[in-house]
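Quick one: structure below, then a few questions.
Chain naming follows the written order as A, B and C, and within any one chain the residues start at number 1.
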Amino acid sequence: MNRRSVAVAVARKDLAVEAGSRVIVNQVAPFALVVMVMFAFALDNDGILQRVAPGLVWLATLFSMLVVVQRSFAVESADGALDALRVAGVDPAAIFLGKSAALMVQLFALEVVLVCAAFVLYGVEPTAAGWAEAFVTMVAATVGLGFVGTLYGGLAAGARGRETLLPLLLLPVVAPVLIGATRATEAAFGSGGASVSEGWPWIGLLAVFAVIFGAAGSVAFGPLVDE
Amino acid sequence: MTPTAAHATTGTPATRRLGAVVAVLLALLVMSGLWWSAEDVVQGSTVRIMYVHVPSIWVAYMAFALTAVCSGAYVSGRSRSVAWDRVAGASAEIGVLFVAVSLVTGSLWGRLTWGTYWVWDARLTSTAFLFITYVGYLAVRRLGGTLRQRARRSSVIALLAVLEIPLVHFSVELWRSLHQEASVANPNARVELDGLMLFTLMLGLATFTALFVWLLLHRQRVILLEDTVADRGLDEAIASRRDEAGAR
Amino acid sequence: MENVVELRGVVAVLGGFPALAGVDLTVARGEVVLLQGPNGAGKTSVLRVCAGLLPVERGGGTVLGMDVTSQREAIRSRVGLLGHTNGLYLDLTVTQNIRFWASTVGATTEEVAAAMARMGLDGRLASVRADRLSAGQRRRCALASMLVRRAELWLLDEPHAGLDAAGRDEIDAVLRDAVSAGATVVVSSHELERAGALASRVVTVDGGMIVDGGTR
C-alpha cells in the first residue's frame, strides 16, 4: 500500500470518529469559547481586549489543541487500535501524516469559531485584505500545529502521566507558532495600528515551521511511538 | 569498563587528578574574581557576577551540543550503543543545572544593573525556553521502559530539540526587533575589560569547562551503575520468575 | 519442515518485569499450537513477541524467517494478532471499522464483503456502532478485520473468552478454515477441551518459560 492512500484512510477514519462522536463540536469548541469569555472577564476593558484579541485567539487555540491531541490518541488506545495498526505493519509516516491532516482540519474549524468569537466579543474589525491575511495565517499556523501536535501526542500517548507530559513538551515547541501567528493576526486585524503588510514575514516563519516539523515528524514518529 | 559491586565508585585516578585541578582552579577563580580583579568603572563590584554567569551559560551550550552529538551518534551508529545515550543524558542534566545557574545569576545581575530581575529581551527569553525544553527532555528520559527504549526515545527528542531551538531563538529575536523601545544593553558589552578582568573571565571559562568534564565523567558513570543495578535486578527477577513455574 | 516460529532463550521485559524468562519455542508451518498455562504465565507475551510487538531483551529467534530483534516491522505486516483488545474504533460502525482496516492493506470491496459475511456481520449489524456491540460481536468484528489482512501466521489470545457456545463454535470454524487454507496458528486458551480438539500440539507455559511441548 502506498503511503498516501494509507494516510488518506487514517485521516478519513479520524474525521469519521469525530463525526460519530462529536466530541470536538460538543465539548472542545464550547470550552474554547468559555476561555474567550474568561479572557474578557480577566481583561475588563474594551480597548485592551481589541488590542490583544489576536494573542487571545491563539492562546485559546493552543489550550484547545492540547485537548484535541489527547482525544486523537485516546481514540487509538481505547480498544488497542494503535497496537493493531502496528501489527498490521502500517507505515508510521502514513499514520503520522493522516493523523496530522485530521488534526489540522479539526483545529482549523476551531480557529474559525475563535476568530468569529473575537469579531463578536472583542470588536475587532479587519479589512478585506485583513480577512485574507488572517485566513492564510490560520492555514500556515494550523499545518505546523497539526504536525507538532501529532508528533508529541504520539510520544505522550503511551506514557504514564501523559496528561502532564504533553503540555510540558508541546508548549515550548509551539512558541514560534504563537509568536508568528499572533503577530500576523495583529497585522490582519490592525490591532495597535499594525498594517496588513507587516504580517507576511510572520506567515513565512509559520510556513518554515510547518515544513520543518512535517519532514521531521514523518521520520521521528515511528521510533517515538514504538515500544 | 564494568564496575563491580565491591568497587562501586565512579572515580578513577584520572578523575581524581582532574578533580584536584578543578578544586585549585575554583579557588583561583574565587580569589581572582572576588579580590584580585578590579571593580568596573560603571558597575562596581556587580561586574563580578560575570565570572560565574558567562561560564555557566558557556557550559550549558557546550553540554546541550554534546547531548545533540551523542544522540545523533546513537541514532546513526550501527552498534546502537547505550553508552552514547548515557553521555547524552548526563550532559543534558549538567546543562539544565548550568542554565538554571546562569538564569539566576543573570536575573540578580539584572536587578543590580537594570533595576529589574527580568526583561523580555530576546536572549533571556530564548534561554528560558532552552531551560524548559531540556527539562522536558529529562522528563522523557524518565518515562520508563528498557534501556534501549529510553535511548531511542530520548535521542529522537534531543534531535528534535536541535530543530526547535533555532526556530524559537529566531522567532523571539524577530519578536523583540519589532519593538522600537530602547533595547536593554547587553551587560557584558558595557564592561570595559582590563587585563586582569579578562584573565579572570578566561579563567572562569577554563574552570567551568574542567568542572563540566569532571561532573560529566562522574554522572555518566553513576548512570552506568544505575543501569547495571537495573540489569542485575533483571537477572534476579528472571530467576524468581522461573521459580514461579516450579512452585505451582 | 520449515519452521514458522523459532524462539531461543527469549527474555522480554514489561515495565521492568520479566514477562518472559527464557522461552524456547518452535512451530512448523501448518501447525495449530495451543498455549496453555495459569494466568500471568506469559502466554500473551509469547504471542506479542511472535507478532513483533514486544521487543526481545535477551535471546533471539525468527518468525517467518525474519529476526525477532531487528526485523520486527517486517514481521508485523505478515502476522495477524487477535489480542485482549479488538483494535476497534468505538465511535465507528462495524462497516467503517472493517473498511478502514481493509484500506490499510489494500483489500478490495469484495474481500471486505466476504469477510463480513463470513463473520455474520452483514445485515443489521453492519451499521451498528462498535460501542453498542456485545463482546462476542466485537470479537467477530476483529476477526473479520484479520480475515481481510490475509495473515500467514495467526496469533490468537484467548479468542474464546467472554463468548457464548455459539460464538465459540464460530471462532473454531474460522480457525479450521484458516488452517485448511494453509495458515499456521498459535492460540492461547483456557478452553482446553475445545481448543485441544483443534490443536496439533499443546504447549504449557509457566513462569515466563515453556515448561512442556516447546519443540516437536
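To be clear about the criterion, a residue touches a chain if its C-beta (ideal position, glycine included) is under 8 Å from a C-beta of that chain, and two chains touch if they have at least 3 such contacts.
Source: prediction; values computed, not measured.
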item	value
A-C against A-B, pair bridged by the larger set of C-beta contacts	A-C
Longest centre-to-centre distance from chain C, chain (CA-based)	B
Central chain (distance from its CA mean to the mean of all protein CA atoms)	A
Gap in Å, rounded to a whole number, between the CA centres of chain C and chain B	47
CA centroid of chain A to CA centroid of chain C, Å	37
Interchain centroid distance [CA atoms averaged], chain A/chain B, Å	32
Chain C: positions in contact with at least two other chains	55
Multi-partner residues of chain B (each touching 2 or more other chains)	144-145, 149
For chain A, residues that touch 2 or more chains besides their own	227
Residues of chain A defined as touching chain C within the complex	1, 5-6, 9-10, 12-13, 16-17, 20-21, 75, 78-81, 83-90, 227
Residues on chain B engaged by chain C in the complex (per definition of touch)	144-146, 148-149, 230, 233-234, 237-239, 241-248
Complex interface listing, chain B residues touching chain A	129, 132-133, 135-136, 139-140, 143-145, 149, 152-153, 156-157, 159-160, 163-164, 167-168, 170-172, 174-175, 178
Contacting residues of chain C [partner chain B, same complex]	11, 13, 15-18, 21-22, 38, 41, 55, 57, 206-209, 211
Residues of chain C defined as touching chain A within the complex	51-55, 73-74, 76-81, 83-93, 96, 100-101, 103-106, 129-130, 138, 145, 149
